[in-house]
Structures are given as C-alpha cells and as structure tokens.
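Take a look at the structures listed below.
Consider the two complexes below, in which chain A is the common component and chain B and chain C are the respective partners.
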Partner chain A sequence: MLSLYSVAYDLISIPLTAIAAHLPAPLSAWLVNTTLLNVLGALVFCAILLGASMINTIMLIWFERKMLGRFMDRRGAMHVGFAGLLQNFADGLKLFRKNTRRPKDADFVGFYAAPTAYMVSSLVMFAILPVSTGWSAGALPLSLLLALVVFSFAPLFIFLSAWSSANKYSLLGGMRSAAQMIAYEVPILLAVVAVVVLSGSFDLTTIVYEQQNYWFWAPLFLALIVFVAGMLAEMERIPFDLPEAEAELVEGWNTEFGGMLFAFFMLADYVRALVGCFLIVLLFLGGWTMPGWVPASATSFPLAGIFWFMLKTYLVFGVFIWIRASLPRVRTDQLLRVGWMRMVPLSLLSIVLAVAVVLTKCLPVIGCVPGIGGG
Partner chain B sequence: MSTPETSSRPPNDNPILWVAKPLLTAAKQFRKSLFRPSTIVYPFERLEDPKFREEVAVAAGKPIGIGAVWDNYRGVHALNIDTCISCNLCAFSCPDLCIDMVNVAGGDPKHPKKCPEIDYGKCSYCGFCSDACPEGCLTMTTRYELSVTKRADMVFSPERLYQVYEQKLPMNPIRLERPENEDQILLDPPVCIGCNACARDCPTKCITMLDIVKPTAAPGEKMPKRIWKEPVINDSDCVRCGTCISVCPKECLFWGTRK
Partner chain C sequence: MSEMWINMGPQHPMTHGLWNLRVKIDGEIVVDVDAEMGYLHRGIEKISEDRHYNEVITLMDRCCYVAGMAWEHLYILAAEEALHVTVPERALYIRVMSEEFQRVASHLMWYAAFVQDIGLLTPFLYGMRDRDLILDLFQSYTGGRMTYEYMRVGGVRNDMPPGFTDRARKLCTWLIDRFKEYDTLCLASTIFHKRCDNIGVLKAAACRKHGVTGPMLRSAGVKADIRKDRPYAAYDRVEFDVPVQQDADVTARYLIRMEEMRQSIRIIRQTLDWLDAHPGPVIAPQLPRWLGAPYAPIGNEGYLLKRNYPHGLGFSAIEEPHGEALAYLVNDGGEHPYRVKFKSPVFANISAVREYVVGYHVADIPPIMGSVDICVGEVDR
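For the complex of A and B:
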C-alpha cells in the first residue's frame, strides 16, 4: 500500500543506496543502515508534510479572500499571479522582511516562545490526522484523542502570548480566549463521544472506515451542529472571534506582534481552520471514502482519496466563509450562554441518539442493517 | 431566563431566523456576484472607456447609471494657450491660491504673454477658475489620474496643461452665465492723465484712447500736465478682468454700477 512514509523513505534510500554502491565497504555500510535511513526518511516525511500543509494553508487564505469578496460583491486579490493566487505568498514575504519589535515591558521568553509554540502545536495536527490511507505519521489507536488534546493546546499559548506582551487589550483578548476554550471544549468532546459510540473506536482511520456505508452526519446531525459551532469558537472565526474583536480590542491578543511573529499567528489561525475542517470531514463526512452510488472510476484513480478529502475540506471551509460573511460577532455573555446552556444539552442528546442507534442497529432512512453501529 | 436582551426581543422573533436570515441574504448576494462582481478591475477596466461601458451595459441588460455623473466630473484642467488672453481672472478666482501666472513663449519680450500654472498639490478641484475664464480656454477634463513621485511634478506648467488640452478629453460643460447688471469700469475724468497704461495692458484690447478737447486756461490758472486723451471702454468686449484698474497710476478707474 502506498503511504507517504514509504514514499519519503524511498526518496532518501534510493539515492543513498546508489551512492553507497560506489563507496568502499565500511563507508557504504555506515551510509545504508536502517536507523539512518529511517531517521532521514522521517525528516523527508516531515518536509513533504510541512510543504503540502503550508501550501494548502496559504491556498485556504486565498480561497477565503476570493469567496468573501464574492459575498461582499467585490473580487478579492486580483493582480499577483492568476486571479491573485500568489498574493498571499507575496504578503508572507513582506511580513518576513519586517523586523519584529518587542514592547519594553514584554516578557522575553513568553513573547517569542508562545507564537512559536502556537504555530508548532497547530502544525503537529497534520501528522496526526490521516488525509487518506497511509498518509498519517503512523497507525495510532487513540489518534482522535491525541488530535483533540493537541488541538486544545492553542488557547494556552494564546493566553501566554497575551500575558507576556504586557498590553491590556492583549490580556483581555487572552482572557476571552480562555473563557471561550472552557465553554466550547466540553461540548466538542461530548459531540466526539457520540461519534466514538457510533464507530466504536478512537482511531480516526477506523472511524472513517465505519462510514463507508453511511456518513455519520445523518444520525448525528445534532452532534455535527455542536461540533461545527464548537470548531468555529476554537478557530476563533466570526461570529466567535471575540478574542481578537478588532473593533473593541485593537487586534486582541496579537496586538503587540508584528512581522514574522504576526505571520505565525496568522498562518496558525488558518492551519487550525484547515485542521478543524479536516476533523469535521473525518468525523462526520466520511473522510476520504465516497458513498456507493459514486461510480468506481471516480474513486479509484491515483490519489483519489486525497482528492475527495480535500474537496470536502474546502466545501466545509466554504460554509465557514459563508457563516463569516453573514453573521455578526456575538457578545461574550451570549457566547458563554450558548456554549453552556445550548451546546452541552444538545451534545448530550446526540450521545443518547448514538447509543440508541447502536442498540437498535436501525437508522431512520437506511433501515435496520447488521453492520450499523460498530458491528 | 430573564436577561435584558431576551426580554427586549420582539415576541415573534425566532432565534433560528437570526442565523438563517443573514445566511440566506449572503447566499443571494453570492449568487448574484459570483461571475461578475460590481467592482471593476481598475487599471485594466475603466469606467470612462466607452467599450467597457458598453460591455457592462450589455451584461447588465440596461444602460449603467454613471453617465450623468461622469459628464460632470471635475478633473485635471485643460488649457488652450492660443486663446488664453492672460486676463488673470482664473488666478483671481482661485480660493486656494494655487494658480500662478507664468510667462509662456510668444508675445513681445517687454510684455510677455502670461498663462496659468496650476499646483495640484493645493487645487481643490472646485472649478471656479474654469467658470471664471471668459474665453472658455481653461476647462476641467475627466482625467483623474494624477499620481506622481515628486512633489514638484504636481505643478502643471501651461505647456503641460496644453498637452492635456491636446488629448481632447471629455470636458466638463458647466459654464457660469454672466449676470445681467454686471458692474462695469467707470472713469473719474478729472484725475486721468491719459497715460495709455490701461489701453496697453487690456487683454481684450477693448480700450481706445480718444482725444479730448484741451480746455483753454483761465488767466493765472496752471494747466495740469497731461496728455489730452481719455480711455473709452467698449463694454461688450470687456471681460471684467480689472487689469486696467490695477495698472492705472492715478487710481481713476473703478468698478461702478451700470446706469
């Protein structure tokens, strides 16, 4: 089976073996040993993954700019590259060239470490989430749990960076971020529990294969709604972008950051948006599998899994953009009230529904099939 | 739950609609501007380009409503140096004092021809100057692009304004009507010394110096030292520039109401 790791391993081992063939024996044995090849293969694997995810993230920003423009009856970026495709690369280059300044009172370690940690913790998600068969770092039996843990690191780093930049607006934004995290982490986890009940596994690959017959959004519609709302809050996108509410808090928790540190936050925001869409596709929309009525030719070409997965991801993100273009920002108290008083009961209800589906092995439309409910 | 905002909500309002209605509105707008958003790709598409306007009108199925506004546009000036009479009226009327009268080629060396030079760093595009111009040689065009990299480039010499004129851009047609009972130039005859300065400097050459009868001096009375001529102004040619008033050494010309 083709996997990203085997591709990376081949990329490094084939040239090294070819070189080793021309070298004297002790040197070639040192060069072509499994430990070294595995380490180098892992590095190449990381490089490929990082490159692919960065390009996707930047394309996501382009997608958002263009689509948001259409919602607002304008065009978005137009001139750098075809239809502004390269605009974000140019913007990134500009931010890269700027120097970063640390406010006098800001804490040195926190100011530089927090953005980096935020970025890294967001990027690690790409190694955990399987995009297609064999495209994650490895078979992790608890990958869903690990993903959620890593995903919920971010507010901690936001709070750290807000606190260490010694600015009241930053601190307010950080506080809001922490409050938001606590309010939305709980319903998200409860909604995920419903998925786990239905699939009987914490492994994302297994969860996707459980959805080969039917996608989980239909029986777990309530959980999907809760999860999407929670993800919006986790990504801090409109209407839940209180932590950086620019009208009240300048730029919220990233007010004091400029240049590359700001670029880190900006990129990490979109990395998290992408990862959130990945999670929604994996948990509720069948991952890289397609329903049976799709002709086999559409699902069997090379990299078909990735193609369908990314298509679904971008569609989900399109819905997020649609929401962003339509809804105003909510107030903190409204946000917390919706989180605690609506989302938590809804997600509990969806767990009950999931248990009912598993026990009766029946679905409203599909009917009663033995395969339903984790076998 | 009786928090303030829930109680002040209209009773028939449904929270689901709070989300659904804006989503629907946004979706409608998205569908409308998916292929042709209202904004134009500016440096490549221009509203003043007749071909582009035609295209937009065809796509929209109706003429686009920018025509009337566009004809009225007050942009960079065009100056026809050949018909300018150097009357100075434009510089007088400018509220921002951004017009300088500078020498241009032509005219005799002693009294060179002067034409307006406009500093667009100060100009407020009010259009007073082109309203005031009696010859219609200073007009406002529809040109709106004026970005320069040096401040000095903001100053348009008469020659540069003439280049704008030569581009034959659409002109703003607005022109002030001269009022019915305009003030005219009047003469205080006993003070005049017949020096010819007014007639020489009148841009429209509407002043003629006519001989007057030299009075016979009474015994013992000293005759004033002067030339026995007096200016007569052809009122229909006068553009009311006031040059004669400002050059008169004896201050014997003044604005007066038509009798």
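For the complex of A and C:
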C-alpha cells in the first residue's frame, strides 16, 4: 500500500542508489545503507509533513479572514496575490523581519523557550494524526491517547510564557488559560472515552475504519457537542477566548511577545485549531471515509481520502468561524461553571449512552437515522 | 493571588480614548478603581476666549469627535443668547435634524465599540458601516464627515442640497431595518445576557449624587431628558418619547440607546417633512458684521465695534448623545467671548466609576465602561 513514508523513502533512496552505482564499492555500501536511508527518509517525511501542515495552517488563516470578512460585510484580504491568498505569507515575512524585544524583568529561558515549545508541541500533532490511510509513519496502537497528551501540553507552555514575560496582563491571561484548558480537558477526555467505547480502540486509524459504516456523530451526538465545545475552549476561540480577551487584557498571555515570537503563538494557535478540526473529523465525522450516498466514481480518484478529509476539516472550521462571527465572549467564572457543571456531566452521560449502544447492539439503527455517514 | 493595581489605559483596548482606569484587583474581582483624566486636555475653553464667535465652532467639533454637531449646537445656543440673535425657524429644524442624525451616529459608534468590548466582532463592523452612511449624509450638506463647522451664530452655514430629504428618508428606512438586526445579534444571544445583565448597576440615587445624566440616568428609571424638560431649538414642535428602563444595568443602557436611536429617526422624519414644506432662509439677515457668515473678518474692524454691542450672558443645556451638556458664555461686547465654560456629561459619568465597577469581575469592566459611552475629547476639552 502506498504510504507517505514510503514515498519519502523512495524520494531519498532512488537518487542515492543511482549515485551509488557510479561510486567505488566501499563508498556505495556506506551510502546505500538501510539505517542512513531510514533516517534520511524520516527527515524527508517530516519535511513533507511540515510543509503540508504549514501551508494548510496558513490557508486556514486565509479562509478565516475571508469568511469573517464576508460575515462582516467586507471582503477580507484582497491585495496580495489572487483574492489575498498570499497576504498571510507576506504577514509572516513581515513578522519574521521584525525585532523581538524582551522586557527587562522577563525570564530569558522561559520567554524564548515557551513560544518555541508551544509551536513544536502543536506541530507534533500532525505526525500523530492520520489524514488518510498510509499517512502516519508507523502504526501507533495508542495514537489517540498520544494525540490527547500532546494536545494538552499547551497550558503548560502558555503559563510558562505568561509567567516569564513579567507582565500583569500576561499573568492574568496565563492563569485564565491554564484554568480554562484544564477544566475543558476533562470533558474532552470523557467524550473521547465514549468514542473509544464505541470503536473499541485507541488507534485513530482503527477508529476511522470502525466508522466505515456508521459515522460516530449520530450515536454520540452528545459527546460531539461536548467535544466541540471543549475544542473551542482549547483553541481559545471566540466564545471562550478570554485568556487573550483583548478588551480587558490587551492580548492576554502573549501581550509581551512581538515579531517572530508572536508569529509562533499565532501560527501555533491556528495549528491547534486545525488539529482540533482534524480530531473532530477523525473521531466523529468518519475521517477520510466518504458518505454512503456519494457515487463510487467520486470516491476512487487518487488521494481521495485526503481530499474528503480536508473538505470535512475545512467545513468544521467554517462552523468555528461562524461561531466566532456571531457570539460574544463569556466570562471566566461562567466558562468554568459551564465546564465543570454542564460539560462534565454531559460527557459522563455520553459514555453511558455509548455503553448502552454497544451493549444493545443498536448502532446500525441509530447510525443510519440521519442518512449521512452510512457505508 | 494578592491584590494588585493594573492600569487599564492610557493605551489599552478598553479605554476608547485617552484616559486611564487604574484597577485594583484581587484575583479576578475588582476591589478599587481610580479614573485618571486629562491626557487629552487642549484648553478649548481658554482658546475660545481668543477666537471670534464663529471660529469657536471649529473647536466645538473637536470637543467630542463623535458628536460634533451636538457640541456645535450647544455652543451656538449659548452664543445666540449672549449675543441676542434670533434664528430663522428653518435653521432650528435643520439643527434638530443634524443633532438627531449625530445622536444616531454617536450611538452607532457606541454600539460598535460596546459589542466589541464583549467580544462580538461582526456587529462592530455593522455599526461602523451604518455610521459611515450617516457621515456620508453629513458630508453631502456640510462638507465634513466628523468636524463639520456647519452651524453659525444666527443659523446654519448653508441650506440642504437638492434631493437631500429623499436621501435622508431612505437612510432612515435602512437604519430602522438594521436596528432589528442589531437587536438580534445581541439580545437574542444568551451569552450577551450572561455578560450584561446585572452588572455595572448604578441606581437613581447614586446617579443624582454624582450628577450622572443621559442614558445612564434613564436606565435607572429617571425620565430626564433636556429635549423634553427644557426644550430648545424645535424640540417642542416634534413628537418623540423618552425611553426609560428600571434595571440600571448594562443591558438597560443598551436598550435605552437602541430605543433612542429609533426615537431619533422618528424626530428626523418629522423634521424632514417640515423642511420639505417650509423653504426659507437658514441664517439671520441682520447680524453684527464680525458674525457675518461664513468667516469673520480678521483685522481692526472688530475693535471699532467693541463697545457698541450690548453685553449679554448665554446659558444653554442640550441633551447630547452622552447626557446633559451645559454651556455658559459671557459676552462683554467684544468680538470674542469673554468667557466660555462647558459641562461635559461624560466627565460626571466617569467620576462615578467607583460606584458601578467595584465588586464586579475584571472581565466586566469592558462591557460596563462600554455601556457608559465615553468620549474623552469632551471630558478633557
């Protein structure tokens, strides 16, 4: 089966073997060596992954700017590139050229390490989440668990950045962020447990295979709601964006960061948004599987899995943009109250429902009701 | 976390202008606040003493940059009383129409800023878009979008261009439709009510204590509106209601301002009908020479007239978009006002800040201060 890793391996091994054919024996043996080829193949794999995810992230920002613009009766970015497609690259370049300043009292290590670690921990998610069959480097039996663990690193780095920048706004924002993310991690994990109960696996690829016939959103509607709300809080998007509530906390925990450090935070936020949409698609919307009513000819073209996966991802993100365009921001105490007193019970209820669905074997009945997501 | 002071301002997204709200917080609770004003002081009252009567109008536009027409009107009323000038009736109606359009524009600006404070991004641009339409209308007959220099002692500078009233009527219809949309975006949202109900409460007694006026006072159940209580210009000849709410919280102020915009449109429609039916002069024919429109002559001419003109005192009170604005003007017979004094409603509204901010959350400060509708230009002058 064609996999991204094998493509990356071929990309490096074919030219190397060709070169080695013209070299004397000891040198060619050293060059065409499984360990070296594997390492180089892994590097190329990472580069492809990084490039794809970065381009997608930047396109996501463009998508948000354009769609928000339309909601607000304006056009969004228009001038750089066709319909402003290159605007974000230009912005990135501008931020890259800008000077970064560290406040006098800021902690050196924390101030520079936090944005980097935040960025890296967000990017690692792309290596874990399968976008299509053969996307992951290796089959991880606990990839869902790993993904959630890596996803929950963020509050630590946010708090680190807030504390090390020695600013009162940052500190308040960091406190809020930590409280919010920890509060919403619980319902997210519980909602995921419902998915695990239904699919019987912690492997994301298996979870998607289990959805070949019935997407999980219908039987686990409650869990989906909890998961989406939790993801909104994790992404710090508008109804729950109080850690960086610009009205009262200037920019929240990233107040003191400028230039590339700010770009790291900004980009990582969107990486996390993209990853959150990936998770929703993987866990509830059937991953790269196609709705049953789509004719087979439309589902069998090359890279069809990636196409359908990205289409669903962008649709989910479109819903998030819609929410951002139309809802006000809640208050910290209200957010935490909703998190602990509504979301956690709801997610527990969704686990009970998932267990009931499995025990009564009524998945075919519930899964077929909405017409979407049947095999 | 122990108590600490944080500065919200002078450069802070909450302030909407150049002032500083010092906030003492205990965790997320506000323990104490202190408003620092004066960053935008330009000495407008003192400068006015060295300007011809009509030149002061330029300064009035800079007093409140979102409600220039109202402040022009305030000054003009005081100046006309002090200078014993009578005004043609058509000018009165034009002034009323201008002030009401200005009120809608100012309230739209408030709406845009306020919804942004609670995190609503879309209505912010809706408010700004519709305010721009009013500014276009202003531009069509005054030439200016924010600083109009339109009113004159004895009337207004020029009459409306042809087709103006139809254009204005069309805009009124558009605005009334948009107000429904605004309400849907805010009042239909549960989060909006969660954020705005029962915060920033300032009851009527506290309002009286601090001299708080305008929508804040009316949201506390007091039916006080200078346009009704002490009618000026043509306000006694138009029909409108004064909206009153009882809750005295942020939502009540929102409702008051929304209803005020509707009432303003009602007034504007009446004035437009009147203006269509009654053509005529818009500026008084007999004026002292140095007051002749559009600009005062500069030179010795004024001194010749200095002692020939009767002295006078002028007082005016108008219902500005933010509250009751008062002006006092002394005419000693010279070409310049001897003394001008203004009372800004926003200054009093901010002065009471301790009463309506302490005890709430830090996150409540933006909606509360947003509901006060602050224009620092008129506070500091």
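Note that in this section the second predicted complex is superposed on the first by the 362 of 375 C-alpha atoms of A that agree within 3 Å, B and C clash if a C-alpha of one lies under 4 Å from a C-alpha of the other, contacts with A are read in each partner's own complex, and residues count from 1 in each chain.
One rule holds in what follows: a contact is a pair of C-beta atoms (placed from the backbone, for glycine too) under 8 Å apart; a residue touches a chain by one contact, two chains touch by 3 or more.
These numbers come from a predicted model, not from an experiment.
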Return first, second, both or neither, reflecting whether A:D73 touches chain B, chain C, both chains, or no partner chain. both
State whether A:T332 touches chain B only (first), chain C only (second), both chains, or neither. second
Contacts of A:I323 with chain B and chain C, given as first, second, both or neither: first
Per-residue contact with chain A, leading partner among chain C and chain B: C
Is A:I238 contacted by the first partner chain B, the second partner chain C, both or neither? second
Which partner does A:R101 reach: the first (chain B), the second (chain C), both, or neither? neither
Looking at the overlay, does A:Y169 come into contact with chain B only (first), chain C only (second), both, or neither? second
Chain B and chain C footprints on chain A, overlapping residues: 71-74, 325-328, 333-334
As the complex stands, chain A meets chain C at residues 68, 71-74, 168-169, 172, 175, 238-239, 241-242, 245-250, 324-334
Would you pull the chain B residues touching chain A in the complex into a rising list? 3, 5, 19, 22-23, 25-27, 29-30, 32-34, 37-39, 41
As the complex stands, chain A meets chain B at residues 67, 69-75, 78, 322-323, 325-328, 333-334
Given the complex with chain A, which residues does chain C contribute to the contact? 1, 4, 6, 8, 12-14, 25, 28, 115-122, 124-126, 129, 185-186, 189, 191-192, 194-195, 361-366
